[in-house]
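Right after this note come the structures.
You will see two complexes here that share chain A, one where it goes with chain B and one where it goes with chain C.
Our next item is the complex of A and B:
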């Protein structure tokens, strides 16, 4: 088991290749029902700076009897009778014809250079929502609006603010991850990548300013079959979760194939929570246990879950052996992935087995000798991106994006930046610097470029580029823009705070490297789910020659997304009491003018003759004398 | 000096002209300003709303046609009752009864028509000759040794009379029709009663349970499992719905459509702990505790997308520590036989206790609730659904009041019979008429009472259209077109509610007139001061001048110049 594990773990890539199960399905059976199943997992990993990374993943599969010929009948029933799959999500998928849905709430900033890549695919601060919608009936915009509004109500978030001025339709990023959905036309076949016949469309929107808190977590927990009453989810205590350096909560719905030919398909709902706990904050000790992190314990596994596992990615110590101790030591022993420098050891605890034997709460602790690690391997993420504003003043500014490729080979990546319409980009000012030198021939680096100019008050500017990042390089893009003077009512209530400009996203295929959490993404964890015994057995046994070959190759890649920081731009801000001032001022001026003119008209002016003035006691003080 | 007086008079004149013209501008401008800064209010048809409220425009009538069929069987003892005699007699008797009841015009205008005679035996011809028109019924009368009436589900009534003579037949028919339509007549009267004093009370009592009419409902069947450790994983609701609910849904589709969903919520515990009866080893809920049963905060019952009104039917499987769970008033009291309760206008709840001793049953899958397990629950839900839909069970209302047995046939699986369906059609139409009129008149009252409220044109349009729909519905009713009448009344209800709940109706309430005055204060106050002052001064001067004129007339000519000079120096 141990010896074969490296290849298993290497198996699952971003694109699923579920090969082993193929033998179990014969061509004669037209319909197969995939079992409805629920899996719960918790991944823990101590980070080098003393924080502890925790990733909860709950996967619910809705059983489907999908087949090209039996498509509609099954689909109509699928969204009527719910068991483990939450009804609220099912209704949303059904009524807005959603094929794929990804919603992420994030608070805090993911530190790529310190922590590597996260398991959760999205890590941009704020809320990110993207969905593939069926556009059969040309109602996609209504459906998208309905979707944002409904999700807004379901998760108590301001998702309804994702309107036309925010929504974009990226051309290269955010490709669909699932294979089919009940609403899509019968999917041609898995190896045919020609999706043009399927009228689905992508909609993407993000709200960088959105705060995430308990009110978003509560409805999220309600979607789980066991709520937070049993199983791993009982660790979810909002007091502790929101007192972390990074917190991210997501709902992903997509369709997956259960066999190679995609005869049996299922709808997969993946709910994740990612939190980075600052363990060393209080006393400088890097030791932690489940109860110290979450202030709760797991007293039983969720009875509805097919698998229930706690997975610890052990620290990658160097030079000195046995720097830490893991209590208790896992029954199945420790798996190791990779070898040599890239070796990553993984401890897996099966809670189903644990609670079959005992009823005492599950304990897990990691102690460092001397409370701190002596030497650990540093994390070097392949690609890191940063974005910042340049320039000063409230009239114009500039945007700079720095992408650093630490890898020793060229990497293909897609860069997506969405800028609100109130920043007017000048594309002619766009320039590229490679390692500090301005590039004249941009073609080598930017292979494709899509630019959608902004339209005032109706759509944002979108800049999307397919890049080829040279090995060990620093690529810098700069572009300048004008800031728009907004209308009085368009400002937020806290106008002087400025406007949040969302993150840019870099999607890249990175060569797999062990030891970094994020490689492999959510699919990585599927091997622990044992969804189909035969399938997993096959993988565990490593009977697929193809995969052994793959292991040997360097070419195994993982798709990751790197999110830049969100920015704050200050636009020229008016004095908000001005309208009233103007009205009052105008009124006063008009009335003063009127008063004096009126008075002038009411009065008589006559010339006083000097001769007569001497008669009247010498009262000749002016040429004119007022009469009433 | 006489030359001087002319420019002064001219000055006076100019000044007066200036004052006049400025005031003219102000006086003309004020209404203009008033009009331009005023909130927009479309005129609502108040008059016709008031008329409708008194049913002056159209009095809803519910015509009913009963075809009487006499058996052809000849009686040996001479006078066989003729069809026309019987029909005439029945009509006369009904009129007499009406005049006895204070001449109040009955809403259900039952019309008796002489139909074709029949053989006297229920054969295929009769079964086939069923009326498909709501409101048209057939009474088949035949002699028998005991008076007996049986109301078949297909708009047919079979009346067997003991003595085969005209008077007795008339009596029996009148009584039967009284039983069949009597309670409905009462209900409709209460509904359409325009008398403000009695209206509210009666309506509340009657409509308490019944959910408000909608063209479609969402039925949600939820299994709430107190704790996943009770072993419940799955239920065969889909099959149970198909087996028990399908006939009901199909029959009701002329009135309302239903969409059905089911869900399972594991770990849905009660918000409180049920009491324990140690004598019978049962946990029990008292009727007082039932309102707290629904744990609205924890149980996801609301639909996220559906705009249809939803009815919830909950099956609660208690957790092992609360099992068995029953409903009773106290320890030792007898428990509720159905172990369920109805929540008015919301849905129903049934508690399903699982057999704790599973080994005895030796079931193959103890984690699955089978269709057989669900049968009692589904029966309860069907009854509750009938109640919520407002279907009146004729047999219960009629049982007490007749002198001979009247049997009401039921249809499969509690599906409403045609009699009940017609009854429902009439009552729902009446309810819709009353509801939409109530909505419109409260809208009219609101608009009249709130002068700051914006009333846009589309509100006016909605109101007039709703009134038109109501009128249409009323006409359809009088023509015995019940299905069309219901559709029209539904349109009216929808339109009146769109108008009432229109978002523009509330938005401008935040900009009262005071706000407007405050903004224009810096203009009006400084302008009005000199205007008023000059006007007052002018009036004063005019008076003085008049006085001076008088004085001058009295005084001698010689003082004239002096006076003017004096004036000037002032």
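Our next item is the complex of A and C:
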């Protein structure tokens, strides 16, 4: 008894203080309901041209510190225990003090005019990496180098090639999403990344010629709590995913607001896979099912997931309705959004509910009645950008960028182009054409311009502009450049293929439009959840809520990034066997020249009498004698 | 009363700690003897594989298939991805010319997809350079280099180095742009030897005039084999009309024929492999260089290099009272990584074997279940008594 009573006292004291502390915290800061949560979601949408768009999204949340004063995001001591959040990512964030990380692997070309905008924020061919790093201790370049190398090891990709000659620091594009990102619109206007107390720096780099294949998918799947053993991720079969028209795979880490005032935040890891399947390629039929697309089935939802949903954005036919059948029909029925041209029907399947009732694999198929009609509503994306090279020959060339605004209102956009140092831009040749006419006063269109000239072998050229694109317009920029004659060793092993020049990126805030795929971007999961909640409330309390929702939709914009194609530039290539020719030639010349001159200079030529020659001189003299 | 009781507890716990320490402390020779016993005949405790395809471009599909075939083999025989460094100079799996996306086949029958669903390529594309290869071998990499791109071997590592590509007399081309010479390779191995980065190396090379590549190696414990002699080409085995190119080289194909029959328990030796070399099949003269290697080839197991098999000594000391092999054959079956070396002789003294038994129960916990449980129970009791004593003393102080 003597022993236990002090222990009990101590314990109870500790409990009391803990309780007190907890209550004081709850007084000031709301606490997250769950420290960690995982959501899985698959969005399917038949596209205009008959292909099927699929977007996998896996979201892992982890609670972080609460308000601005305490918030230190990813670099906090948060990562002590790992349940759902992958340890490999957590350690990277922690050791390189990464606040926000976006890594995308893409193969293929996203067809904006046919497909609209993707849900995934990045669609540039190759690999794109950008991160906001904590700049407290001024080790940012070291950290960036460490980050690229570590990620290269983790994802089996040559990310370590993102060195100083590729890395840029955009001034206007790729803003910190963590602080912008919230579903409450007013928050967007009041906050920007400048009010943060922690100095953060952006680093951006892309590799346009990086292949994406199974070896990149393998580590990506390993980050998921259920791997590909259960849930939606069990559909991820590399043989089918890489047999697509477009494939993109991303990891995004950012902090998001959990309440209106953004006092509670959580760190969010979003993993996405986007694939566009060409369903009609084999047999000409536009019918599809989950098993025909992925050659796999969902046999259970991931037990660790809080939500597990399959969402189908149904094709909107313009003439007659119900030209297709969806099997099975969703339990909750089909939601309909918008009206008229912008009407979009959505079917939602909750796998948690499905597998609560049955154990048979989840099947989903869409059959067209007869042939697929041509009257599927076309998607008109607001902004499309196109970039190409002009000129010919291997000495100089030109770059042209065309930006088309289909919208009926002026749109503000930011254009970012990064060009490697071996293309020497001439800014004085920069000209702008609006609808085919050269503009004299560029100020109306280009509101801000930032240009970083390239430095040979150490940094790329960066051209960044804040634009105001007039309604229904075609804006064209042109600029000339010289091609550099590279050193013999600076050429790639396949030099004659040419050098890849990465995409340009156009960032714009577009009014949210129903029916577009890129509806809400990475936040669409939240939007869906809210909308469902809203719909339930609306049913209970009349239509007032829906009206509110409509009002809210008016001012909402989505940040869309439009990626141009990557380009291939051929630089003058030397004859790679030339060094050997030169070596051979030089050696020959030297030996001939040197031999004869050495002979002439060092040897003493004199007339000798035949009788005494062999006694006086060595054998060399004998030769000299012969030559005479 | 109080101070004396505290003192008593302290004394008691100190006594317990010392007895524990004494029971764990063993003679240095005994420990080393134990480890020497637990080693395999080659003296290695870990296995690494460096698999290099140096060829770029689609028509060199077969070189990537060669490398991936070896990758599958060593992985099947137990070397984990973390111990395999794979360098592929091009991506044929997701190449747009490949009509079977995300696959690589090494046979016209296309029975086995070498790429599979789980593959890790450590160096790929432009990263496959002579510089990176030599840096990898010698360990002279930049400090940011991730673990997956480092060869973290020590003096007890057996390394399989497999290279394939296009070569010539005393050189091997990397990416059609640069070459590694036989001298570079010899010097790299010498540096590895000086840095104690390996126990034994098996160097295999499948390229034209391959045997010239190992002529300049001069470091000990390296066994080398190549596909063709000076002025001889190495040939591909067959092509696949659908893929459109040759899918595997002869040398690798016939080596795989042997290796496919090997499992982790296999007692096949390198001599068995080398004996299958046949000019008529390969259409080139394969070579073996074993003058630097100090073990007879008929005693070198294939799994010493292609597998990750450690010969852990399990039973000898148990023979006295309760033989593990007899009592629990299921354990040996279920744990193929621990296989008994039948040729090991019991030369130990009773004292030594007693100590081994003790060590064994510490390290492996797969000995006699009763015994290990008793040990656990004792440890638990001792710990709880110590903890309780400390707690009591602390509370008494308070």
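By definition in this document, the second predicted complex is superposed on the first by the 501 of 628 C-alpha atoms of A that agree within 3 Å, B and C clash if a C-alpha of one lies under 4 Å from a C-alpha of the other, contacts with A are read in each partner's own complex, and residues count from 1 in each chain.
Everything below uses one rule, namely that a residue touches a chain if its C-beta (ideal position, glycine included) is under 8 Å from a C-beta of that chain, and two chains touch if they have at least 3 such contacts.
Quick caveat: nothing in here was measured; it's all calculated off a predicted structure.
Asks: In the superposed arrangement, which partner chain does A:604 touch: chain B (first), chain C (second), both, or neither?
Replies: Touch partner of A:604: chain B, not chain C.
Asks: Tell me the contact category for A:292 with respect to chain B and chain C: first, second, both or neither.
Replies: Touch status of A:292: no partner.
Asks: Is A:135 contacted by the first partner chain B, the second partner chain C, both or neither?
Replies: Touch partners of A:135: none, neither chain B nor chain C.
Asks: Once chain A of both complexes is superposed, is A:227 in touch with chain B (first), chain C (second), both, or neither?
Replies: first
Asks: Identify the partner contact of A:153: answer first if only chain B is touched, second if only chain C is, both if each is, neither if none is.
Replies: both
Asks: For A:573, decide between first (touching chain B), second (touching chain C), both and neither.
Replies: Touch status of A:573: no partner.
Asks: Quick one: name whichever of chain B and chain C touches more residues of chain A.
Replies: Chain A has more residues touched by B than by the other partner.
Asks: Kindly classify A:592 by the partners it touches after superposition: chain B alone (first), chain C alone (second), both, or neither?
Replies: Only chain B; A:592 stays clear of chain C.
Asks: Regarding the shared-chain residue A:241, is it in contact with chain B (first), chain C (second), both, or neither?
Replies: It touches chain C, and chain B stays clear.
Asks: Quick check on the output: what are the common chain A residues between the chain B footprint and the chain C footprint?
Replies: Common to the two interfaces on chain A: residues 146, 150, 153-154.
Asks: Report the residues of chain B in contact with chain A in the complex, numbered from low to high.
Replies: Interface residues on chain B, with respect to chain A: 7-8, 11, 15, 18-19, 22, 228-229, 233-234, 237-238, 260-264, 266-267, 269, 298, 300, 303-306, 519-523, 525-527, 529-531, 534, 568, 570.
Asks: Which residues of chain A touch chain C once you look at their complex with the stated criterion?
Replies: Within the complex, chain A contacts chain C at residues 2-3, 6-7, 107, 145-146, 149-150, 152-154, 156-158, 160-161, 210-215, 218-219, 237-239, 241-243, 492-494, 576.
Asks: For a test of understanding, state which residues of chain A touch chain B in their complex under the given definition.
Replies: 77, 80-84, 86-88, 91-92, 94-96, 146, 150, 153-154, 222, 225-227, 229-230, 302-304, 580, 583-584, 586-588, 590-592, 594-595, 598-599, 601-602, 604, 606, 627-628
Asks: List the residues on chain C that touch chain A in their complex, please.
Replies: 56-57, 89, 91, 93-94, 100-103, 113, 115-122, 124-127, 142, 144-149, 174-178, 391-392, 395-396, 398
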